[in-house]
Every structure is written in C-alpha cells, then in structure tokens.
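Could you have a look at this structure, given as structure tokens, before my questions?
Chain naming follows the written order as A, B, C and D, and within any one chain the residues start at number 1.
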Amino acid sequence: MTELAGLRLASPVVVAAGCGGTGRELAAYGALAELGAFTTRSITLEPRSGGPLPRFVETPAGFVHATGLPNPGIDGFLATELPWLLQQRTRVVVSVAARSLGDLVELARRLGSAPGVSAVELNLAPPEGDDLLVSREPFQVGAAVAAVHRELPRGVPVLAKLRPDVLRVVEAARSAVEAGAEAVVVGQSLPAAMPDGRDAGLSGPAVGPLALRCLTEVVAALQVPVVACGGVATAEDVRVRLAAGAAAVQVGSALLHDPTTAARLVAALASHEGERR
Amino acid sequence: MTELAGLRLASPVVVAAGCGGTGRELAAYGALAELGAFTTRSITLEPRSGGPLPRFVETPAGFVHATGLPNPGIDGFLATELPWLLQQRTRVVVSVAARSLGDLVELARRLGSAPGVSAVELNLAPPEGDDLLVSREPFQVGAAVAAVHRELPRGVPVLAKLRPDVLRVVEAARSAVEAGAEAVVVGQSLPAAMPDGRDAGLSGPAVGPLALRCLTEVVAALQVPVVACGGVATAEDVRVRLAAGAAAVQVGSALLHDPTTAARLVAALASHEGERR
Amino acid sequence: MSVPVHVTGEVLASKRIGAYQHLTLVAPGVGERFRPGTFLAASIGAPGDIGGRTRLGRRALWIHQVRPLGGYAATVQVVVEPVGPGTRWLAALERGDRVEVTGPLGRPFALPKEPVPTVLVGEGYAAAPLFALAERLRERECPVTLVLGAADDARLLNALEARRTARAVTVVTRDGSVGTRGEIADVIDEVLRRADADVVYAAGSTPMLHAVARAAEAHGAWSQTALEQPLTCATGLCLGCPVPVVGEDGVARTARACADGPVLRGDRVRWADLVGT
Amino acid sequence: MSVPVHVTGEVLASKRIGAYQHLTLVAPGVGERFRPGTFLAASIGAPGDIGGRTRLGRRALWIHQVRPLGGYAATVQVVVEPVGPGTRWLAALERGDRVEVTGPLGRPFALPKEPVPTVLVGEGYAAAPLFALAERLRERECPVTLVLGAADDARLLNALEARRTARAVTVVTRDGSVGTRGEIADVIDEVLRRADADVVYAAGSTPMLHAVARAAEAHGAWSQTALEQPLTCATGLCLGCPVPVVGEDGVARTARACADGPVLRGDRVRWADLVGT
C-alpha cells in the first residue's frame, strides 16, 4: 500500500494526465483498479476539439506533441467519463486546466460536488495551448492552488503539477505547499516546438533525467509528498525515483508506445515488494 | 559565406563548446578551417581536473554527463591549445566559465590580449559544476556580458550562451544584447541528474525541440543574430534552424557519436547551397 | 470494438510478393478476435529492449488473413510495403524473429443483415482486409464485386485469389500494367451501377475513399470507408488521430481514426476537412 | 597515434568460437593504419539511420588481426563477447551487414628497440591484440612468452595459435577447465622470472593489469598496460574516460583512456585511484 496525501493507493504506479485516454482504452490491458490511480487528461470548463494535424512528431528523445488539449469540458466529463471510471473502482485523479483563475475556481467547485473524485491535479504549465493559464512564476502556482483548495471538500487533496524547471521548481513547490497543496507532481511535458514552428510539448525519455534532478531538489528542500513524472518506462525507472524519495510515480507517454506499461510496472513492483517481504 | 556578429564564417556549421576536444582529435575527420568556427570547451581561470566516474550515462534522449568541466586553465590553454588551433586557420571561439564575475573579467582580459581569438562565448549556465557561476535571472546575464565586453578589444564579439529555458530566454537574450553581446547562442545542456543523483547535463536529441522553441521566440522578439545549439545531427536539423532564423548552428554531442558529423554537415550544406545557385 | 491484446509475436514466415512483404505471425489472441477491417499495431525494435527504441510511435498494419498454420490455431498475416524506417524494419524480419504487436484494433466493417449486393474497393496493400470480408459476405450470401487498384502490377494485392472470392473483379493500375489504366475514382461509378450495390466497402488513400463515398451517396448505397490516418499510439490513448465527422444527431464532432475508426461510415466523414495523406 | 578514419564497414564473415563472435570487417583505411594495441569504435545501429540510434556511445573493440582476404588488402578482425546491448547487436551482424566504425584509435604498444625478452599477458577477448604484437616482436627477434587467462575454456582466445607464435605459453582459467586453475596474478611472478622479461605487455581487466604492473616493477621490467575503461566517444572528444597518471615530471595528471591510452606505461598509472571495471 502506498500512501499519498491521505489517500491509500493500490500501487505507487499512477497513469499520468492525458496518456490513458478516457480509461476505457487502457482497461483492455489491465484492470484500472490495480493502478495507484488514473489521472484524467486535463479537463477544461468548455469542451475543446483540439488543434490541427500533425499533432505528433516522433523523435528518439520522445514525442513532440501539440494536441491542443481536446476534452469534452467539465460537464461532458462528469456526465459520461467519470461515472465509468468510478465503476472500475480505481482512484480517479481529475486533472484540470483553465484559461483564468476564475475558470479554475469554477472547475474546482463542480469537482468538489462530484462524489468519487479522489484528488484534483492542477495542470499549471501546459506546454502548448497558449490560451491556457501558465504559472510562470512560483507565486502564481500558489495563487492557483489556494483558489482551488478553498473550493474542495476536506479529503479531496490538491496535487500541484510542476514543470521540471530546475531553477524554479523548489520555489514553485514551496508556494504550492504554503497555499495548501497536499502533494506536488514534479514533471510535465517540456515546452518545445514542432518542426513547423508550432508550440508543442516534448514527453518521454527526454524528461526523465531533467525531472529526476528536480525531484532530488524538491525532496531535499521540502517535506511535501512528491509524485515523480517524466520518462518512466521501466521498473528500474520507478525504483530510481522511489529511492530518490518520490511517494509515487506517473507513467505517461510510455503508454503510447506500449499500452501495457502501467500494468507491467504495477506487477513488477508488486513482485519486487513480495520478494523483499 | 555566413556572417555572424561581424565575423565571416566559412560555413554556418560551428562546433559546440566541449564537444570537439582540443581540436586535434577532431582534425582527423575533416579540416577545421572548413568549419564555421571551432568553439573550445569552457576554459576557467584555474585548471580543473574534472569529476569522478562515471562521467557519462547513455540514454536514448541523449548523454547525461557530469564531467566537471576539465580544462587546463586559461594559462595552459593560451600556451598550448590556442596556438595549435590558430595554425589550423579556423575561427576560434573561446568559451569561458568562471566562479565569479571577477574571474570572468580576468579571463576576458587575458583573452583580449591574446591575438587570434575570433570571439568569446560565455557559458552562463553550466548544468553541473556547482562551484561555477550560473546566471539564473536575465539581469545576471546582462551583468556578465557587460563585465566581459568592457575588457575585449573591438572586433572580438561576445556571444552569450543561453539555456533553452522558454520562460526566460527572451529576457535573457534582451539583457545580453543591451549589455553589448553581439550575438546569442540559444541552447545548452539541460540541467539533469545522473541515476546516482549527481547533478548533470543532458545533451543531444532531447535538447533539439526545446531549443528550437526558444530559437523561435528569440528570433521573433529581437534583432540579434542567433546561433542555434542543441540536438543538431542531420542536415535537415540545420536547415530547420536556419529557416527559423538562426544565423549559424552549433553541433555538440552528435560529434561524440560520429566524429565526422560537423564535416559532413558542412559538406551537405555547401552542396545544397551549390544546388540553389 | 473487440478487446485487443498486446503480445510478443513471432514471425512464422516472411515472403516477398511483388513490392510487398507478406508476414505470417504467431500472435496469440490477435487472430482469434479478428474481424475484417481491424488492424494491428507493431512496435519497432526488438522486444524487451525498451532502452533501444527510437521509433516510439506504433506502426499500423491491416490484418490480411487469419488461419491455422504450423500447429497454431490462428496465425495472422499482414502485408507490409516498406516505405519508411518502421515498415522497412518490419519487412526485414525473418522467421523466428519476434515483434511486439497489439490487436485487433479498431472497429471492423459492419456487415449487412440482408443478402444485399456489395462492392469492395481496395487500393494497394490496403486491399488486405477485403478478402476476409468477402468471405464473411459470401457466408451471408451477399454478392461481392471487387475493385482492386494500385500504382502498378507489383502493388496489386492477390488479384488471382480475388477472382475466386468475388463474382466480378475490376483491376485498375495507374501505369496500366494490368487492367484498366487510371484511378479507382475513374471506374467506381460504372462498377456501382453494374453491381447495383447496396453497400460499398473501401480501404485505401483518403482521396480514393472520398471519391468512393461520394459515388456511393450518388447511387443511394451505404459506404463503409476504412481510413489510414497517421497514428501515434493506435490504441485510442493519445488523441493524435482526429477525423472530422458528423454525428447521428447531425452535429460536427471529432472521431479518433484508431479507436472510433478505422472504419467509418462514408457519409459521416467530413472529407473536405480531412487532411489527406 | 595514427590518424583514424571513420568509415562504413561491411561484415565479410562472422563466426562463433567458444563464447566469442569473431567478425571480419572490410573497413577501408582501418587495417592499413593498424598497430598492435589500437582499437576501433563501432556505432550501434544501422548506418545512415541517425534517427534510429539510441545507443549514442561508441563500443570499443580491440583490433585482433589484419589480413588480406577475399580481394581486400587489409580486412580487420575483431572478437566480440556479447555482454550488453551493443556487443549483442555486433555479435548478431551477418555477412553483408554494414556497421560504422572509427579506427584505428589510441596509442599502440611501444616496441623495444633491442631484441629483449618479452612477456605478453592477455585476459579473455582482451588477448586479441597480443597475437599481432607477438609477430612484430618476433620480427625484431624479441623472445615472446605468452600468458593467457580466462574465466573458462570458452573464453580462452586462440590458445592453439598461441603455441605457434610464442616460445612458451602459460594458460590459466578460473574454473580450471584448461591450464592452471586460478588467476593471472597467481602465476605472473613465476612467468616473469622464468622468461627473464625486460618488457611486459598486458591487456585485460584493471585488477589484472595492476597485478602485472606491480610484478613487472618488482622484476625491474617495463610494463605496457592496455586499459579497458568505459568509453563514450572513444575519440578523445568528450573527456569521459579519465585515467589518473603520473607524468614524466612526477606530477599527478589525468590521461584519456581512449586517446592518450589505451596503452599506458604501467608505472605511470595511479592504479589505486583508478576505479576498476
């Protein structure tokens, strides 16, 4: 059992935002209930249909992606996707992104009154989608966390997801914690460009060593539980992060390459745990 | 002919700091004179023997490296390495890193009186080597550039090398230009960690899409000539960057995988130029 | 949508026929669940060697035939046209080599409830799923007319076998090396009229599918078009493969080519908004 | 140091002998420049496919034999022990496959000016460069005594050929499957005494080399040790392979294993400060 921000997780392996589809697609490859948690793609107040093609470019360092965060909007999500996820008896972490603090508050309000949501994760640095709020400075992280925190009932923790920017990540984490975040997620797609010049995110192998550096710094500086995200594909990757002090890890784009990755890591860690007992 | 900060370069392809050895090793694979320029590894005031092993870890996203910037110090460099490089009739860009602004000024003073140096590149963000000056904020970039600029004779331009940090790179570039930098290099190893937790840099494919994003933003915002650095391995990589507005490109860790990379790119671009004429 | 499996398959046979490599795979679970129009996604790189992967996107292949062979109940045959790094890697696999595959993926062709006349249209290797479809249609006593198109003779799939399966076969090649010289679009109206088709099934390039859907509409037939859009995950997770469609309710929506397709009703696709490939 | 070349080589033959794969390469320019003790560096991955490379570091291999074969003036033979992804990839190459190699790299064994008695010590595949060395020594009329060590019979290189080349041969295996059971360190003193050696040449693991250098010193002999340190670029560019040495002037320095080595004078290496591999 993994403990994170007052939640008991079945495994330290969590699906990262935006990489598990609606959950249904992933369920073909392993029961969602055995995951630590399922994080939804970032949900916005209004539906978004996403950006033009190509949305993905394959590079050895990871995917360069510009999807534009397509999602059915909070109402659509609550009506169709959340109920199905809850039926799977998995912990559901709802990721949210917004165009303004006001929208963020509104999202939190609706999620706060939706039963079954285990936690809310704030996407504070979407690498693309320039209409969305990006917390550039640490104080902006705190402001966003505080706004959301107020709207959520006790027992629904706020996870602040931070860009793996070594110069600011400790201050950003501190600001999040002071504003009430029960945990931080360290790791996010990196701000990149498509070969055609459009803003994009870079996810996958490239993020690993960078986010690991940020994890190390946050763990050394603060007492907050940290979820490590970025570049996780193997059991060894998970172990390195847990050893560095992470409470849990998120698996993102590795799922796009092998949809069994999360299930495989859950099993590998469980058997490893078994061995140690 | 490529023009950069008043210098005429034989090609837009430049060897990045720290990836061409002392020059002698690289010369086996192609005449240095045909390169746009040869950038030395960062030279410090005192000699440095470098850090412990392992210094490199291989990942699909690039090399994670913690060499500790070994170099013979400015006196050793001027006595043994510079004269040989100048004999090759290549443009020599000397990269410098320092523990303090005072040291940086001293380095500039000695380089300013050494004949033959084409330009001085400031390594303002070494990703490892925590005893070295890191310009975390844009104003620090300006301060460093101003200090060095004063010490250099006219005709020896200052190139400020900036970390591909999308949130700060435009401000950092502006600050560099206002302080007198004749050009900026956009791209540097990213701050990462070794699996054992030591501070390290990540270079190679991972840097490409991130630095491209920063290049785009700097070119859009400022008039300064930009040298693109990070993740360049193919002629297509060079063309994408030149098309995005770079005046020249640096080739770094691709040389560690294939020592002929720079020579190959010089030739590919020259024949491409030929075709277009 | 059948529930896919992700397995390490083994190559049982690999045979060059014309421009295509025909691979027979032992991939337990994939063949058993197959329905015509579904596909599988292959991972490029040796199974197990996650650190050795650079092609992180999946490569989609139509499932051509499923049959018992060499003691295996349901081997899977695919047809590969080597056009890029992934398909070249696949085409070079030899008997005994292993490859990770996920399948069957996507929604299959919908079968008519009545024994109505049908026309099946396939272009190049994309004719692959039509032969199994033709068998199922014959079981339902639907008359089958086949149209096979290709750039040339070497890219014409199983034209001989076609004559056994179908009542009538029309062959069109761009270079005129076999059959009529021209495009499928040139002959489709005539074929539909002669066959008096109620349903048209088509697989191939976007312009061809568009032409077929338009012709079907003109003839008052249903069309089922199997789209090839660039896929990244191929499993519905990444939202990288949007297809503009019109829902049953007449509202414009976005479908995922991989998970909501690849087979979509021709009259539901907003062809004009779809970027051709 | 001879000037290396970087070429796309072709596999002329690949043969399993015991635990090793013996590859014969056509690599124009490499064999012609060969001197015993130099090595070549192989790139892992198909030539030309830069985007398909994940093993960005080079793999070093001793050059074993150079000889005319199949119409080529100087084919190069290497001995590969498959231990990791790179050596497994190399060992799987077949006749006709291509591989990018750079060589010959590094400084060779220094030959004595006088016809003095010599002892050559090789461990496992690292005995590879000793056979060509023995030939050169015989040309200079230096008596040659060979010591071959290995974990077991299957890892003993060319023991038969050894008897033709050398005056006396001592074989040591860890499991006692051939020759004396034990380590090279157990027998080296006795061999040196019996051979009355003036120069000792050794290639293999660091602890063995250390033992040999120590024994040589005790016997008043020169030692030439060929080191295997983990290499990244293998060409002297990256400074990833530091070896602590003492210069001629008695001052502690750092040499590069790849470019200043791999052969170093045993009495110059600061063995105690060298991390064994």
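Everything below uses one rule, namely that a residue touches a chain if its C-beta (ideal position, glycine included) is under 8 Å from a C-beta of that chain, and two chains touch if they have at least 3 such contacts.
In this text, all values refer to a predicted model and were calculated from it rather than measured experimentally.
Trainee: Among the chains, which is located farthest from subunit B on the basis of C-alpha centroids?
Mentor: C
Trainee: By the contact definition above, name the pair with the higher C-beta contact count: B-D or A-D.
Mentor: Most contacts of the two pairs: B-D.
Trainee: Measuring from the mean C-alpha position of subunit A to the mean C-alpha position of subunit B, what distance in angstrom results?
Mentor: Computed from C-alpha means, the inter-chain centre distance equals 35 Å.
Trainee: Hey, how far is the Cα centre of subunit B from the one of subunit C, in Å?
Mentor: Each chain reduced to its C-alpha mean, subunit B and subunit C end up 50 Å apart.
Trainee: Which subunit C residues reach two or more other chains?
Mentor: Residue numbers touching two or more other chains: 51-55.
Trainee: Multi-chain contacts only, two chains or more: what residues does subunit B have there?
Mentor: Within subunit B, the residues that touch at least two other chains are 59-60, 62, 204.
Trainee: What residues of subunit C sit close enough to touch subunit A in their complex?
Mentor: Per the touch definition, subunit C meets subunit A at residues 3-6, 43, 50-51, 53-58, 100, 102, 230, 232-233, 235-242, 254, 259, 275.
Trainee: Touching residues of subunit A toward subunit B in the complex: what are they?
Mentor: Touching subunit B from subunit A are residues 59-62, 64, 136, 165-167, 190-195, 197, 199-200, 202, 204-206, 208-210, 212-213, 215-216, 231, 240, 244.
Trainee: Which subunit D residues qualify as touching subunit C in the complex?
Mentor: That would be residues 49, 51-55, 85 of subunit D.
Trainee: For subunit B, which residues count as touching subunit C in their complex?
Mentor: Residue list for subunit B touching subunit C: 59-60.
Trainee: Can you list the residues on subunit B that touch subunit D in the complex?
Mentor: Result: residues 18-21, 24-26, 28-29, 41, 49-50, 52-56, 58, 60, 62-63, 65, 67, 70, 204, 233-234, 253, 255-260 of subunit B touch subunit D.
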